[in-house]
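Two complexes are shown next, each including subunit A; its partner changes from subunit B in the first to subunit C in the second.
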Partner chain A sequence: MRFINQTKASSSPMSNNERKRFPRPKRDWTPVWERRFLVGPKMTPDAEKAKRPEDQMSIFAKRKKTFTLVILAVAGLYLISALVTSFSFFEGIESFPKAFIWITTYLVPNADSLTKLPKILDKLIETAFVAVAVTVCAAICSFFFSLLGTNTTKAHPAIARAVRVIAAFFRNVPDVVWAMLLLFSFGQNVLTGFFALFFATFGLLTRTFIETIDEVSSECVEALRATGASTLQVVFQGIIPSVMSVIISWILYMIETNIRASTLIGILTATGIGYQFDMYYKQMNYASASLVVITIVVLVIAIEITSTRIRKVIM
Partner chain B sequence: MSKEQSTKVSTPTAVATAPTPEIDTSYFTTIATSAAASTTFRSAELVVEAAALPLSSDSSLAEDLQKHREKSLRGRIKIGAKGMSGPVIKITALVLIALTVYGFITFDYKNIDFFTAVAKTLHNVRVMFTQPHLVYNSFPGLMWALLVTFALGALATFFGAIVGFFGALLCAKNLANPIVGNIVRAIVAFIRAVPTVLWVLIFSVAAGLGSVAAVVGLTFHSAGYLVKAYSESIEEIDYGTIEALKASGAKYWQIIFQAVVPASIGYLTAWTFLRFEINFANAIAIGAAAGAGGIGYDLFMASAFYFDLSELGFITYTVIIAVVILEIVATRIKAKVR
Partner chain C sequence: MDGKRETIEKKAHGMTSTAMTAEAPLLEFQNVSKIYDKTTKALSDISFKVSEGEFVSIIGPSGSGKSTILRCINRLVAATQGTIHFDGHDIGLADKREIHQVRKKTGMIFQHYNLVNRMSVVENVLHGRLGHKSTISGVVGFYTEKEKEKAFEILEKLGLSDQAYKRCDELSGGQKQRVGIARSIMQQPRLILCDEPIASLDPSSSKVIMDHLSDINKTMNITCLINLHQVHVALKYSQRIIGITSGNIVYDGPPESLTKDLIYEIYQSNEGELITDVE
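Entry: the complex of A and B
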């Protein structure tokens, strides 16, 4: 208040004596937009000291400090983990040559195992079809489900939140649990593996599609809305064309993942190629088991190459 | 990526940008060379066929466009995404749907009564999630098993990240020798193609069942995955940085640790945490399928030996809570690194 009074006073005519007793306050020449920054919490002496450039930590010192902290944290985590699981690094290293020798001597297909090739291929094809069917069904379901969860379609916020929670639930329940649960009701059936994979894929894809739709199509949806398009028109003219390539790309990736996952579920639920491997493995018929591994590898790599090609064209 | 996707959004953006050539007519008529015109069109990301129009000096571009507009189907300018992406997307989608339908027809359902099974499943789900309790496991024991699973995942991620990082340096296209890169990529593709469970089972015969087999088996697949992920993130960094350091005489490791790592650290951490989450899930799976211990084994015992749905429910809840906590922590750390 006093400051303001003084400036006002200075504008009024004053005698020289008065001028001396009340000197005109020095004008602050800092521009207004910079003065704003001076208003703030008072600087403590320590903070002022730290602001001086010679005391400021150099970027390299800072990097070094964070680096040391990260290394310590990782080392600590490693030691605790090794202790908990009684894992020894040297045993791990030792196991490599042993495993290599074992693999090259036993895990090689022989003439006897080749007679089982048709049976193995039959199971492999079944597993591949399950993986494709699961992924396509899950993708279609989760696409329409994720429409409810995005900001672009303007569903009720409560619905959007519910969709996200449901997706998180399906994603976080391990597929092992689904497999075991469905084994009770569906038994040793294709459908056991189908639904177990379906739930896991559904959860993952719903989350991914929500993010993709929000990221990719918000601009064109806005443009369509401005022209007065209805929600259905927005979905079919705006969202689907713009996210289709991403969706196809995800489907191809999930097919590959699901073939591998269905091997695991096959072992648990005694279906498909996983069961075939497990059976040979438990009979110690390693030659036939190796043939199963090789066919899986060939299939997965073939799918990977195809999907990489397709992705290159569409993305 | 967003630039490319904007081409596929075609209709609305294209309609919005279409009139611009007409406004710039005077500019075109004065400087017009066909090269200048075609580059302008390309920058607008349009495949208006006008780009290929003959630009003779006596006819103005506006007239050409008008003529073209009259010629084209239904009086509209033909606008679409460039290249083959449209038909390939359609063909891929159709093939996938056809395979799905064929799959459903050929599956061996073994005459299962579908609706009874679904009803039974729903009942089981209700029992599992509404009446969770522990009988065969103690709560501290379950927590210990969870810790073991967590530790297995952490160890596999640790080794996988180390191997993955050096593997990525060997096969990133902007750093590595192309021949070495291709060899590494082929090996990694093979390693990734074998399911994790099979690695664990193979190693448990070769090295004896225990944490070593589990960790090594999990590590194989994580290393394969991370080599691919890391090398893709390294390939994304600005080549100018590497070039500048090379020009100033920096050595290989100096380039790696002063340019490559700082530039891609955000991606690298994000991928590592994603893999950690996957490894945690995989550790549960191999605990169940390969008897590698941890909470996965308890889960398997509860369902396959004791047939106890409530126990299964309790273990599932524990796993869900653990995974959610893991995700929250990972998100926080990722935000800090960025």
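Entry: the complex of A and C
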């Protein structure tokens, strides 16, 4: 390529007239770390020029003021909430050694608790598998549901908006609240826990899948559409291969989260390992309760390690 | 005697068929306008014809409506006004099934290649057949032996046979674009639409891509409609150039009569601000 008639060094596609109408914005020389604290109404260039001399001084003063205000606000919030709940930080700290001694004396598995290990493991596995089943079910449902909400595959903008609203609703109600609500209709059993986790997972995954699909596959979707592929073909030949690894990664993350959540929800719904812990604790069988805690910790760490490995392979 | 008559008849037949194509062009835009979001006018009252076998470049500044023209043809974008005829289809009136027919007959090549990056090269090429298959066999990715052979044949032709089983994200930009071309040839289209095919490629890969496109145009008699930013490339390769500025056609003719002043008019720019190879 050769440059011809280069009277000016600019290679701008704009004409001179246009350049006059849309002048290139003046570069802001404020360092980035300072700009962050100076969020405010945008000033016109003239106003900025007029303000500059004092402005340069006031940058630091302004920053000091912001910091002071933030610290005062945090301290105020703490004081108010401590007064309301009559919580004392120092008493809390003081009780730590006592609590630690209590844990080391009572929360230690003994020979008697080990005889309960098979039962504990049974409950633990049950809880873990409920979590896995919930996550897989929710993932499949939310994948197909999210297809209605993406910009690339939506059937109608109104449907897409409805999907997003529904997803946001399911996601914003915490799983524990879902469990409490569903206790009324299903009573204390596995189904309650299952649906509580299902709704929360479904909401979160739908939201994530919508974003992933729009981000990863919009280009190849356009290309496949242009070849005359039908929507189902586009989904299976374009979207699924593109987003699979990201989706699996999210499913693994949700399995981890749901195993933790299902132990807690088990206390509410009287099922699984959470309820077992609650029972031992209330019977003051601290040795067995501690064994439950240890098995949960081991399981969670094992899952974490496995999912990290799987992620490495698929990415 | 009989043999002679046959050849005469053949000639006559050939004549009529060419005459017919001259009468009914492959693609015809009649007063087409496109307005986005009720306010942004992308195309205003555009009319042009493209006959079978032509190699046409569309040049013009960014945002002048080049991509919109291409996307109106296969209804990735619906035109607001006017009629578009392609190979006997009225694209404005086409229902879902007819759009499917139109898309089957038009290949499309993109600036960012738009391949399924996590699938292999040959699978991406076979995606060109999806429009010709039943939904189920397309969903599960079932292709006939004939289709697979064809795919490898095309890859061979484009110099990609060593890459056939590689994943697309392992390829370079030029190779990805060649996969894009292979996918569109796989469709056995009447028309290939190229949306800035060389805008993200280096000069040597650009040459390879343009050579392939021009070769396809000549040997397979596939009509090519190409959006380009590089004026000298357009001048070198195309039989005809359409210049558009803010939604209006300002030039439509052979590259020989495209003068420097006309190029400046197309790009709405003063002399000296353009980088071109045009003397």
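One rule holds for everything that comes next: the second predicted complex is superposed on the first by the 230 of 315 C-alpha atoms of A that agree within 3 Å, B and C clash if a C-alpha of one lies under 4 Å from a C-alpha of the other, contacts with A are read in each partner's own complex, and residues count from 1 in each chain.
As a convention for this text, a residue touches a chain if its C-beta (ideal position, glycine included) is under 8 Å from a C-beta of that chain, and two chains touch if they have at least 3 such contacts.
Computed from a prediction, not measured in an experiment: that's the story for all the values here.
Peer 1: Report for A:244: first if it touches subunit B alone, second if subunit C alone, otherwise both or neither.
Peer 2: In the superposition, A:244 contacts both subunit B and subunit C.
Peer 1: Going by the contact rule set out at the top, does A:225 touch subunit B (first), subunit C (second), both, or neither?
Peer 2: In the superposition, A:225 contacts subunit C only.
Peer 1: Considering only the touch criterion stated at the top, classify A:137 as touching first (subunit B), second (subunit C), both, or neither.
Peer 2: After superposition on chain A, A:137 lies in contact with subunit B alone.
Peer 1: Counting only touches as set out at the top, which of subunit B and subunit C does A:92 meet: first, second, both, neither?
Peer 2: In the superposition, A:92 contacts subunit B only.
Peer 1: Specify the partner with more touching residues on subunit A, choosing between subunit B and subunit C.
Peer 2: After superposition, B is the partner touching more of subunit A.
Peer 1: Touch test for A:285: subunit B only (first), subunit C only (second), both, or neither?
Peer 2: neither
Peer 1: Please indicate which partner A:153 is in contact with in the superposed arrangement: first for subunit B, second for subunit C, both, or neither.
Peer 2: After superposing on A, A:153 lies clear of both subunit B and subunit C.
Peer 1: When the two structures are overlaid on chain A, which partner does A:310 contact: first (subunit B), second (subunit C), both, or neither?
Peer 2: First partner only.
Peer 1: Going by the contact rule set out at the top, does A:236 touch subunit B (first), subunit C (second), both, or neither?
Peer 2: Second partner only, subunit C.
Peer 1: Do any residues of subunit A touch both subunit B and subunit C, and if so, which are they?
Peer 2: In subunit A, positions 217, 219-220, 223-224, 227, 237-238, 241-242, 244-245 sit in both the subunit B and subunit C interfaces.
Peer 1: What residues on subunit C touch subunit A, complex-wise?
Peer 2: Residues 61-62, 74, 76, 100-104, 106-108, 110, 112, 114-119, 127-128, 130-133, 135, 138-141, 180, 183-184, 187, 193, 203, 232, 267-279 of subunit C touch subunit A in their complex.
Peer 1: State the interface residues of subunit B toward subunit A in the complex, per the touch definition above.
Peer 2: 1-2, 4-6, 8-13, 16, 83-85, 88-89, 92-93, 96-97, 99-100, 102-104, 106-110, 112, 114, 117-118, 120-121, 124-125, 128, 147-148, 150-152, 154-155, 158, 189-190, 192-198, 201-203, 205-207, 210-216, 262, 281, 284-285, 288-289, 293, 296, 299-300, 303-304, 307, 309, 312, 315-316, 319-320, 323-324
Peer 1: Where on subunit A does subunit C make contact in their complex?
Peer 2: Answer in residue numbers: 1-8, 10-16, 217, 219-220, 222-230, 232-233, 235-238, 241-242, 244-245.
Peer 1: For the complex, give me every residue of subunit A touching subunit B.
Peer 2: Going by the criterion above, the answer is residues 63, 74, 77-78, 80-82, 84-88, 91-92, 94-96, 98-99, 102-103, 107, 126, 129-130, 132-133, 135-137, 168-169, 172-177, 180-187, 189-191, 195, 216-217, 219-220, 223-224, 227, 237-238, 241-242, 244-246, 248, 251-252, 260-261, 263-264, 267-268, 274, 277, 281, 286, 293, 296-297, 300-301, 304, 310, 313-315.
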